[in-house]
Amino acid sequence: MSVRINKRKIINDPVYGFINIPNDFIYDIIECPWFQRLRNIRQLGLTGLVYPGANHTRFQHALGALHLMSLALDTLKGKGVRISVEEEEAACLAILLHDIGHGPFSHALEKTIIEGVDHEDISLFLINRLNEVYGDKLALAIDILFGRYNRMFLHELISSQMDMDRLDYLRRDSFFTGVIEGLVSSDRIIRMLNVADDSLAVDEKGIYSIEKFLFARRLMYWQVYMHKAVVSAESMLVRLLNRARELAIDGKDVFATPALGFFLDTGLRKIDFAEDNPAAGLIAERFTSLDDSDILVSAKYWAGHGDKVLSNLAGRLVNRNLFAIELANAPFDEEKIAVLRKMVERDMGIDEAEARYFVYSGAVSNLPYSPEFHEIKILLKNGKADVISSVSDIFNHKFLSEKIIKYFLCYPKEYRQ
Amino acid sequence: MSVRINKRKIINDPVYGFINIPNDFIYDIIECPWFQRLRNIRQLGLTGLVYPGANHTRFQHALGALHLMSLALDTLKGKGVRISVEEEEAACLAILLHDIGHGPFSHALEKTIIEGVDHEDISLFLINRLNEVYGDKLALAIDILFGRYNRMFLHELISSQMDMDRLDYLRRDSFFTGVIEGLVSSDRIIRMLNVADDSLAVDEKGIYSIEKFLFARRLMYWQVYMHKAVVSAESMLVRLLNRARELAIDGKDVFATPALGFFLDTGLRKIDFAEDNPAAGLIAERFTSLDDSDILVSAKYWAGHGDKVLSNLAGRLVNRNLFAIELANAPFDEEKIAVLRKMVERDMGIDEAEARYFVYSGAVSNLPYSPEFHEIKILLKNGKADVISSVSDIFNHKFLSEKIIKYFLCYPKEYRQ
Amino acid sequence: MSVRINKRKIINDPVYGFINIPNDFIYDIIECPWFQRLRNIRQLGLTGLVYPGANHTRFQHALGALHLMSLALDTLKGKGVRISVEEEEAACLAILLHDIGHGPFSHALEKTIIEGVDHEDISLFLINRLNEVYGDKLALAIDILFGRYNRMFLHELISSQMDMDRLDYLRRDSFFTGVIEGLVSSDRIIRMLNVADDSLAVDEKGIYSIEKFLFARRLMYWQVYMHKAVVSAESMLVRLLNRARELAIDGKDVFATPALGFFLDTGLRKIDFAEDNPAAGLIAERFTSLDDSDILVSAKYWAGHGDKVLSNLAGRLVNRNLFAIELANAPFDEEKIAVLRKMVERDMGIDEAEARYFVYSGAVSNLPYSPEFHEIKILLKNGKADVISSVSDIFNHKFLSEKIIKYFLCYPKEYRQ
Amino acid sequence: MSVRINKRKIINDPVYGFINIPNDFIYDIIECPWFQRLRNIRQLGLTGLVYPGANHTRFQHALGALHLMSLALDTLKGKGVRISVEEEEAACLAILLHDIGHGPFSHALEKTIIEGVDHEDISLFLINRLNEVYGDKLALAIDILFGRYNRMFLHELISSQMDMDRLDYLRRDSFFTGVIEGLVSSDRIIRMLNVADDSLAVDEKGIYSIEKFLFARRLMYWQVYMHKAVVSAESMLVRLLNRARELAIDGKDVFATPALGFFLDTGLRKIDFAEDNPAAGLIAERFTSLDDSDILVSAKYWAGHGDKVLSNLAGRLVNRNLFAIELANAPFDEEKIAVLRKMVERDMGIDEAEARYFVYSGAVSNLPYSPEFHEIKILLKNGKADVISSVSDIFNHKFLSEKIIKYFLCYPKEYRQ
């Protein structure tokens, strides 16, 4: 149910039922255009091509993470952890804004138009600007979000192996894809949260729920995030955007929506998002005017472009005629790749450099549980805390923490043997 | 789970779990670009502004309706109704394609750019063209869809008071909005289906489920489809598109995406979709290249246009700064409207005709159960069939079948008293 | 998850996920034997014979109602209603204990062994005794439960047209029977609660949810509570217990479990539950030692009894060989009944009085929305409260509030024509 | 919805929605008293003391497993596996009857009154007798159930690492306990089933679902089946029954319900269930007249018995005053046990042998994935089948297949330090 119109601050969410907006300032932030634009940025980019239900947006995810943060703070307070009203509001704002720097189809964009710029850099850049507008009312949220505040558990609720961000996206992605095996019991996990030595910890009796969470994450990686067709589609989008840039830089006439056109030839680099960039205001405005619709409209139009590479790639993507993809545990044979490229050169009448847009290999990796990064702590019944890798019998075997690299090879499916 | 890549024809759906694609031809139709474009057309248009989860697409709905059709046909065959393989395929194709003629934001589009053209006219137009391409293999589906086949229950499964279309959209819209009161037990209702005198009927013991279905429909009308903020947003989009057309016709420079630009100034009329229109092929290609992203991109750009009316309306819509809306059981007082318009004229420095874009009234109506239109039949235990309005005690009171008209008045919320 | 062992007061509930026990005293009450015995009393009696999932107990229901009470009190406090800590605890205790007076298979028991005694009389009787044990700590709860406390909305949360008792049992019965059309959105309804003039009220925007709630209640009546086979089974149990009593009073040897045997011949009358009954302590102990297992064990044994009527009835019930049942809107023809009885007399070799145990008629009635009893109030946006029958268009037609009587006729199914 | 009364063979199930009864003979088997009695035997025995929702019965489980069997057979037929109508019916009967030999509180009963008799022995015994009654119509079902039919996959659907029995009980137990992490996607797993070399196999793409299934099983073991309080309660019931037997054998007067009384002093041994036992008919009748209510009624009465041990144990169990329980990875120190027993002897005034009823240790073990027993086979994309332990990276680490033994120590909680 809407907020603005009804003057009540409850939002219907198919995942949790209802989400309460804790207070007016948080509500104002939700209403601001930079946040509202997240309504038009799908959380899972092109994954909808494989799982048709996966059209949920970063807007929904941010609200869901806010909801879990409220529950987590309530739980911790209920266990006697002292949290001030200011800390509570700041933690809520921090989780709400943690993804504000995402552009459309982030995975692809970060490899092309905004190459080398992490969405977290952009989040910091945008939140700093919001902070100016709102008279420094976001200062504590920024400190918590970027790990500069001394009560580390607040940061860990936003960014750690077991944070509200992951908890929401795993559950939400599972819900909307229909891959119910990925279902995470966020309610149960949150009730097990505690604080030990200023760090986030999990009560010992929650250990099975944590193992289940890590297991569900691994499953979602292979079943959804690294699904072959998704990897194929995203790699095609990367090449499509690079081709468009190449042509634009080369002075060719390449239509783009106004928002995309601004960046297409020049792109954006990390330095553009520096605080002291005199054009920072303009960059912020332009970046936040981009959303999924700019990419979709441009790609549709490119399908009729004179450049064979651009039109072919765009046409395939728009009509979901995705490249065939092979996965392997070792890099692909260069010779095999060369042979495929030769065939494409010959059949399409293009040169070797252009054929690289149609036949290419690469690598994807799961993001395993990383013992180096804010490892999950278990608060034992004896009052001591220990890391989960020492406590759980699953971790004796480390299978959840091994990084797995898969190599892929893509090519038009006409060449599938 | 994807189909094309995996060579298995099962699709994950968060509502039903899995959807089987019955055969290869049906799968080919799903893969064709005109159907794939439904991935980028949201089922509920701007409703996502009120219920953030409501981002499901017409693609998902069409697959869901196909799924229910398969279940319904299986049930009827299980009860001894003879249905040939050809009829089964044709009924599946008919339900799959029943909404192919929808453009983006249909409610708004049908009042502006394609004024006076029903999406069913366009569906017929497009399906006829597909039928040509596929060598008349859609002929029986077309007959069933448009009520020309002699076994009327097949048509009624697609279009009646109790069809698979409604059954899917009520359940799906309930699921994605999170308004669980609208939940319809599609499984139970389908198991109660039967055929009597060649008409679709419901076994007597299913009467409570049918009443519940009609009740849920009524609830979804008021809670979702006619939600005040949704009505406000859609009425704003109508006015935004009309203003853009007005300026374009007037020769002003109005950016539009290529797909939208083709239609913006001239629009499309019913006659354009005639079979014997020599430009029919072009019309079909252009119309099917339109999707939500064209409207969203254009609206974003219009927010910076020189025309005060266009930019103001666009800016409000993009940033979800919706008009205040009042509902009433009788038309609003003309004088009140005139006073509000005067204030807007004065404050914005615009004339009376322009002020009509900001202050306006209109009417919405629920679509009640219509006794005139394929009334739901109940197959009594004595073997006779009777219409539900004679059998159910709810209908003795007719509350579900009364048409209700609500009048609305919209204006910028700054003028709310 | 258990409480006692774990020392945490969270209980897993399949309906709501988790239920928190608010404090130690409430926990002690849950632990006391009189409350624990509710674990062995099924909420829906013999309904499990029709809906095999319906094995949930009065223990679960009482905890569920406690959970909803906590949510409701939180909501009201959030809207500014002042509720003291004492009132809060008392309201929770009152809802927890509201059904403590239920015996096994209440509907049948109240027509036989404890004829003329309402379970509410017994609840008061038992709670008063608990209150003595716990040093008057239940005094306020008793006042609230029995409507003697001046803040009437607290009582109405327990007992009114829209109380937490009904809200839980409708939702819970829908969940366990699998009749999902009866699903009530308890979360949404509770968020709409308010207080007006010291009475419970519902915010105007909740009106559709209330209508849906009343509709779901009506559906559950006909689909579950008054399901033909359930009515048949319960009427058979009534007759079985009456026959056993008749024989026992007559001095025949009739086995019964110790707990049941105590009551079988003498029964209990309202006067036995009087506070000043010198045997009150004994009555309380004996009554609270009865549960479903006493009836089930006794019935199993009676299936082998020498009395034809007793053994036949018991055998049918134990093996789910239920009587055929006919429903009608008017009383059944006495002649038809007489003819059936004659056949049974002849075939079983019993007399007319005994045949009445096999062929009988009676009446059931839904419990409609009763405008006389704490009618649901709607808190209008203008700040005034009005009863729902004046506000809702459904109630213009009164279909939800008409009492419906159905007459039934039962007989051995061998006589079905 | 009931079957008998309605003459339609659909049963409402809260887990799957609806369960179809495939044909009349299967329906007759469901209606027979030996099967109906499963309505009064809870699937999880005393687990309801910890998870109050866990009151589901073996009746529900058997129907659920039948439902999954139907789905599995349909899937296999859809993949081209030839299955005759007779095989299909027999497989359904076999899964329906696989648990018919369960008595009430099996875990406890098998350690006391029917010591040394496996419920599978009793199932065979009972099914053979049913087969006689039904003119050998169960012969093929018996062959399939006990692994004597040459098409081994049919047996494996009933009894293997990945059978319909486990699939139903894991999902059902997860549903009714509310431990949603144990949720198994039965639908997805069944769709992945296949047959290779006459053995049941899982399509390669189902490997994550299988891993998830094994993981969920492990979680349910520790969170539910081996929950400390459940282990404590069941161990108490074992001791209670043993004490009652001891007294009965000793000639003391010990009340028991008629059905339990028959066995209490003599017990039943494996030899009693031999086909050629001349009293086989009597044994079958008596055994099948036992259900949960016999144990519950007897225990209630024993709480008032003159024997201190019997009354104390019974009283604790009835009022859920469970023994404290400690878990450890090694056996408990004998001296610690002796000290505790001494205190109990002194405080209760009982001898050492009697104190063993109050202070005792034992061991429980999970039932891991056993590579020796019908290991799960994966049907690789290359057409070959291999066991999952060679294919899955989880099994490289074997964590799911290691048998874990936990030692426990129980004593009255008054002695908890």
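Each chain carries a letter (A, B, C and D) given by its place in the written order, and its residues are counted from 1.
Following the convention adopted for this analysis, contacts are C-beta pairs under 8 Å (C-beta built on N, C-alpha and C of every residue); 3 or more make two chains touch, one makes a residue touch a chain.
Since the structure is predicted, the reported quantities are computational estimates derived from the model, not experimental observations.
Q: Same or different for chain A and chain B, where same means more than half of the interface numbers show up on both copies?
A: same
Q: Out of C-D and B-D, which chain pair has the most contact pairs?
A: Between the two chain pairs, C-D has more contacting C-beta pairs.
Q: Determine the centre-to-centre distance between chain B and chain D, using the mean Cα coordinates as centres, and give it in whole Å.
A: Taking the average C-alpha coordinate of chain B and of chain D, the gap between them is 51 Å.
Q: When the C-alpha atoms of chain C and chain D are each averaged to a single point, how far apart are the two points in Å?
A: So the centroids are 32 Å from each other.
Q: Can you pull out the residues of chain A that are in contact with at least two other chains?
A: Touching at least two other chains: 6, 17-18, 180, 188.
Q: Which part of chain C faces chain D closely enough to touch in the complex?
A: 1-2, 4-6, 11-15, 17-18, 31, 33, 36, 39-40, 42, 48-53, 55-57, 59-60, 63, 175-180, 227-229, 232, 255, 257-259, 289, 291-294, 296-297, 300-301, 318-320, 322, 324-325
Q: Looking at the complex, which residues from chain D come into contact with chain B?
A: 6, 10, 17-18, 187-188, 191, 205
Q: Once bound in the complex, which stretches of chain C touch chain B?
A: These residues of chain C touch chain B: 180-181, 183, 185, 188, 208-209, 211-212, 215, 219, 222-223, 393-394, 396-399, 404.
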